[in-house]
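Multiple structures are listed underneath, in structure tokens.
Below are two complexes that have chain A in common, paired first with chain B and then with chain C.
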Partner chain A sequence: MSAIRRWAIALGVLLLGRKQRQPRFADRARIVPPGDPDPRAEWLVLLLLLAAAGAAVGFIVFYSFNHLAHQTQYLGLALGLAFGFVAAALVVVGKRLVVTEELEEDYPLPGHPTSQEELEQLVEESGDRFTRKRLLLAGAGAAGTAIGAALVVPALSLGPLLDTGAFYETPWRRGVRLVDGHGKPLLLDEIERETFYTAYAQGADKELLGSPIVVVRFEPSQLDLPAQRRDWAPGGVVAYSKICTHAGCAIALFRKPTFPVVEPGPALICPCHYSTFDPTRAAKVIFGPAGRPLPQLPLAVDSSGVLRAAGNFSGPVGPSWSGVRSKRPRNPS
Partner chain B sequence: MRRALAAGAVALALPTAAGAQPGVGVNAKTGEGLYAAYCLSCHGVDGSGVTSTSHPRGVLDLEGLGPPLEGVGARAADFYLTTGYMPLANPHDQPRRKKSPFDDHEIAALVAYVASLGKGPGVPHPQPQRGDVSSGLSLFTEHCAGCHQVDAEGGYLTNAVAPPLLQATPVQIAEAVRIGPYLMPKFPANQISDAQLNSIIAYVQWAKHPDDPGGWSIGRIGPVPEGLVTWLIAAVALLGCCLVIGRRFQR
Partner chain C sequence: MIRALVRYLDERSGTAPFLNKALRYVFPDNWSFLLGEVALYTFVILVGTGIYLTLFFEPSTAQTYYTGHYLPLRGHQMSVAYRSAVDLSFKVRAGLLMRQTHHWAADVFVASIVLHMLRVFFTGAFRKPRDLTYYIGLTMLIVALLEGYLGYSIVDDLLSGMGLAIGYSVLMSIPFVGGNLALLLWGAPFPGSPAFESRMYVAHVFLFPILIATLLGLHLFLVAARHHTQFRESRRTTEKKVVGIPTFPGQAPRSLGLFFAVAAVLFLLGGLVQINPIWLWGPYHVAQGTNGAQPDWYLGWLIGALRLVPDFDVTIGHYTLVPNPFWGGALFPLVVFLLLYLAPWLERRLTGEYGFRNLLDRPRDAPWRTALGVALFTWVFVVFLAGASDRVFVSFGVSYEAQIWAYRVLVFVAPVVALFVTRRLCLALQESDRLGRIRKRAEAEARGELPQPE
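== the complex of A and B ==
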């Protein structure tokens, strides 16, 4: 209780207390002409600084909502207002509170003791119209802290710092059927060459990072898979995670040569930064910033001709991070 | 043995071909004559294709390389000829849209000749007026916009250019979706039905003349040029602000 009282008193003193401080260079002839204090301008500056702090807090509030309509616009408005208020506060300080005068002479050279003192005197005297420096400094500190927090808060979206286990979970396990966007199972016989299909794990949320795959068919003789993946491609059908291993965009582009003799070979390409993967060679990176191949999903065909997963992915799905290669994908428990 | 025969046939065809200057010559107006003059060196005798670089040099001493045309049908021939993709000067180049050296009759004759080389699909008859622009937009976004951009202005992928579609006719779009020219994938009917194709074409037709709500199209290629323009305007405005703020008090 007494702590709150002390805080209230301190705040009151800060708000109401004024002190005409004894100038350090009172014994000297003034360089900067004297100016009158301008309490109303000081209040205005303080108000603008607090408004800036409020707008920056507003940015954090808008940011913390997950599904807010026009969120981007609100964020832009809040941040823009925050900076605008700071700019306005500085303009008022410059125009109304700092003593301004045009000096014909050059600034005294820094370094020499007497000219150093003259410089200090200049700075000191330019500021002697302020009557509540500490309050204004506190206001500036509030605005700076709030804006700084607003700029740092989005970094939280980079991901959970400690619990990364969910990143390795995928809905694929032995026997899960491949379905198209409408939930219809994919039949091996319906998969044509020279085109690509997007498929999902049956029964799983399509938005899940580990669910979408891209399915492509080749002549089995065209495929050059590692020895242990020989039986992962029934009928020449291969499936890879649709999420780029660079920054996590969807692999939306498929390139297939019409006349392979003179044209570039088949490739899965990410439209964000053009990471290019060779689907005939286990999605090896052949161009672009991606650092590891797309995880491959082993496939099998059941007795009714439906494509099913024969296990989980060959590696972790999604964008790469430190140590990702040492991890294995798993199913949620 | 077959290759040797084909080589012999090329040699036999040479005199006709060499004599056939573009648009001139007795046989030039027939599909077969045009084929001999413009296509044979790469696509081979009777559309058998030239698929090996070690193949003897073709007509007019050009090194020919081209896929076989047996069974591609009128659909592919019509697409490649009306877009000007073929004839292609250098078989290693990506075919680009250009004005065809042939007139409509010559194209019809060539298409008929290529169609006669093997049983293949005919020229499609899309009906974009029966399509729906709105569902066309979502289908286009799903299947086409990755490469061609949602405004159909075209785009890039590694080693190739996805052409703009602003000059593509409905028939050409219907053909390209099924054929998959150059590096574009094919979209068979179980991926994009004919009804969906009509909607996609309706959307592309609309996208040729979209509304520009802001007044300026700025290339319609997205936020980067729009941001640049905005910053140019904002920079001038900021400069004006600086001048106002920095003005000295008049004494």
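== the complex of A and C ==
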């Protein structure tokens, strides 16, 4: 009983008691100008701090539930509010409880001419005993450059700097079968007109830029391929690299005109920068930023009706680099 | 207690005189001076939430299969990095809050740096003796852009992969050395060697944050060493004297309050507003892409630039000299940042003003600087808008190709128009200021008061 009474009294004193301390530096000129107390602002700060504490406790409570629906939302709300209440308390402190003085201060001098000269002098005099400064500087330069180079050289282990041959490698060559994402071979008869298929080289890593192709079938009469590619599209099926020659994204869109008379023709489109290729005309660029057509893969059909590559791509796969057109793609094996 | 603390510190560090000075350091009071502080405090939140994320994220592109509770992904092949990011979103309690807050903070970080830079630019705060401070700030902006890009790239979701493919292609497109540099960084043709993920990770969680922190320290040191700039607000604010609120007690609760306000906004965003729901994008595979892909806002100008360039590679005969992504992805940002870096020097050359400047201009007071700045930022903004053409097409049905053609024209026309309109506007505002002063004086005289000199 008496313990409860003592606690109640202590709490009462804490809540209601006020005290202004006797200033210890009363005999000196004040640094911070005086201001009047603002009891209501103090109450407000106290309330805001308690609200912050409450919100923070709320965060801990929400955290301790194992399967709480919308837990992220409650956690964010609680922590955000806790910080928000502290921010509000500090704003009240800044605006109403501490003195806002306006001080003047001199901007620093533009420079310190004497010190600058002293520095110069110091450096100059320190080198007094050297009589062949330039030669020694050249020596230091040589040592510095060589050591710098020696320290940079190991960075070359990061990758093959000079051998760009890997850019030309693709897993395709004459006879490689076209398979879908699950490894099932693509049959000519199963390819429907004006539908978009993704295929890979059988047995190859699907994550190589040279592996994925798009396969689309048209009426053979719709196709307008260059003369030397006439036999690259058995049954009107054409295949192009699925990797955009502009910035390496996957050609994931196929535009199939619903009303061919009023709409633009079929197109393969990259969703990154909307490079647009005409699949009936050897993937010629008809809009967007790509600088060269999609490489075409020559196709053939074997005796069991499976689509196979009849060779490698017509050009290098993927985004371009200086000199990209100088070589033909090749198969590493 | 205060006495004991002060004595303890001073006897061991000898910093009492310094602290006395620092606590009375003067901050001129203007809301726009807080933009840089917002960036600083956002960085603190980024470091805090980022450290939490590293405790769960596994930076590895080793392939695995998802077996967790999120059904749409169950059984899908994905990298360990992506799986751990999904797990830290769904399995780790408070993980999603931290991840989303981190992502929001990254967006706010760059936004506040850009706004801060605009304030510095249009008030002429970059002039001597603060040009070095400005260069360091610009460098931080570049590092922050790269840091943000790496941050959403290491997750290895579909958008990460598409973004990396674009970054790879831009690097490849640098004339002559691009292909070599790309091979060096990625270790192998895209998607690169398995070590590439570690390289991005160490850059994102160590190298770049350390770099930003170092530059930040230098930036703040230089700000304090030369003191803040100020607007010409009263007769007391001059080139010689700075007027404002002292660090303590006036500025401290305001600044600390701003920190907590920034933290509050970021955690509320992180908890309540979804950002980058990687489980909806799915894991990245080279052969996959998604329509309507958009990067974080601060790379919008680059995707816009890449989309605007017409379809050409610069070739000599059969030799490709400059692949297309170079123009929008490399040259455009290079030119923009070069102009920003050159601004203090250009201004000195063009105006012949080499002196120290502690007082800020109002934008109207420097019509040419303001007009040229507005032209530059209009140029960047038009390109930024072009990056959103696909979303405009989806939302409003405006033909994508027509929009791109319109932007291809606007990108040349808009900056010129902006230049002349802004200059005219500045001059008109100056004129209205002058008339206002004349009217005030006339009214004062009419009331029989002595005219007050401005």
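The rule we apply is simple: the second predicted complex is superposed on the first by the 171 of 333 C-alpha atoms of A that agree within 3 Å, B and C clash if a C-alpha of one lies under 4 Å from a C-alpha of the other, contacts with A are read in each partner's own complex, and residues count from 1 in each chain.
Everything that follows uses one rule, which is that a contact is a pair of C-beta atoms (placed from the backbone, for glycine too) under 8 Å apart; a residue touches a chain by one contact, two chains touch by 3 or more.
Note that the structure is predicted; figures quoted are calculated from it, not measured.
Contact with chain C, but none with chain B, is seen for A:Leu75 once the two complexes are overlaid on the shared chain. Of the two partner chains, both chain B and chain C are touched by A:Ala252. Judged by the touch definition given at the top, the superposed model places A:Val261 against chain B, while chain C stays out of reach. Using the contact criterion defined above for the overlaid structures, shared-chain residue A:Val91 touches chain B and also reaches chain C. A simple residue count on chain A separates chain B from chain C, and the partner touching more is C.
Contacts of A:Pro220 after superposition: neither chain B nor chain C is touched. Using the contact criterion defined above for the overlaid structures, shared-chain residue A:Pro34 touches neither chain B nor chain C, since it reaches no partner.
Of the two partner chains placed by superposition, A:Gly148 touches none, neither chain B nor chain C. Using the contact criterion defined above for the overlaid structures, shared-chain residue A:Gly203 touches neither chain B nor chain C, since it reaches no partner. Once chain A of one complex is fitted onto chain A of the other, the partner contacts of A:Thr195 are limited to chain B, with no touch recorded for chain C. When both complexes are aligned on chain A by C-alpha atoms, chain A residues 91, 94, 100, 102, 252-253, 271, 274, 287-288 touch chain B in the first and chain C in the second.
For chain B in complex with chain A, the touching residues are 51-53, 65-67, 91-92, 146-147, 155-160, 180-188, 190-191, 245, 248-249. Residues of chain A that touch chain C in their complex: 31-32, 63, 71-77, 79-84, 86-91, 93-94, 98-108, 110, 155-156, 158-164, 166-167, 169, 198, 200, 206-209, 211-212, 242-243, 246-253, 270-275, 285, 287-292, 318-326.
Contact residues of chain C toward chain A in the complex are 24-26, 93-94, 96-97, 100-101, 129, 162, 165-166, 168-170, 172-180, 182-191, 193, 199, 225-227, 236, 239-246, 249-250, 252-254, 256-261, 263-272, 285-293, 303, 306-313, 315, 318-325, 328-329, 356, 358, 390, 400-401, 404. Listed in rising order, the residues of chain A touching chain B in the complex are 91, 94-95, 100, 102, 190, 192, 194-197, 252-259, 261-264, 267, 269, 271, 274, 276, 287-288.
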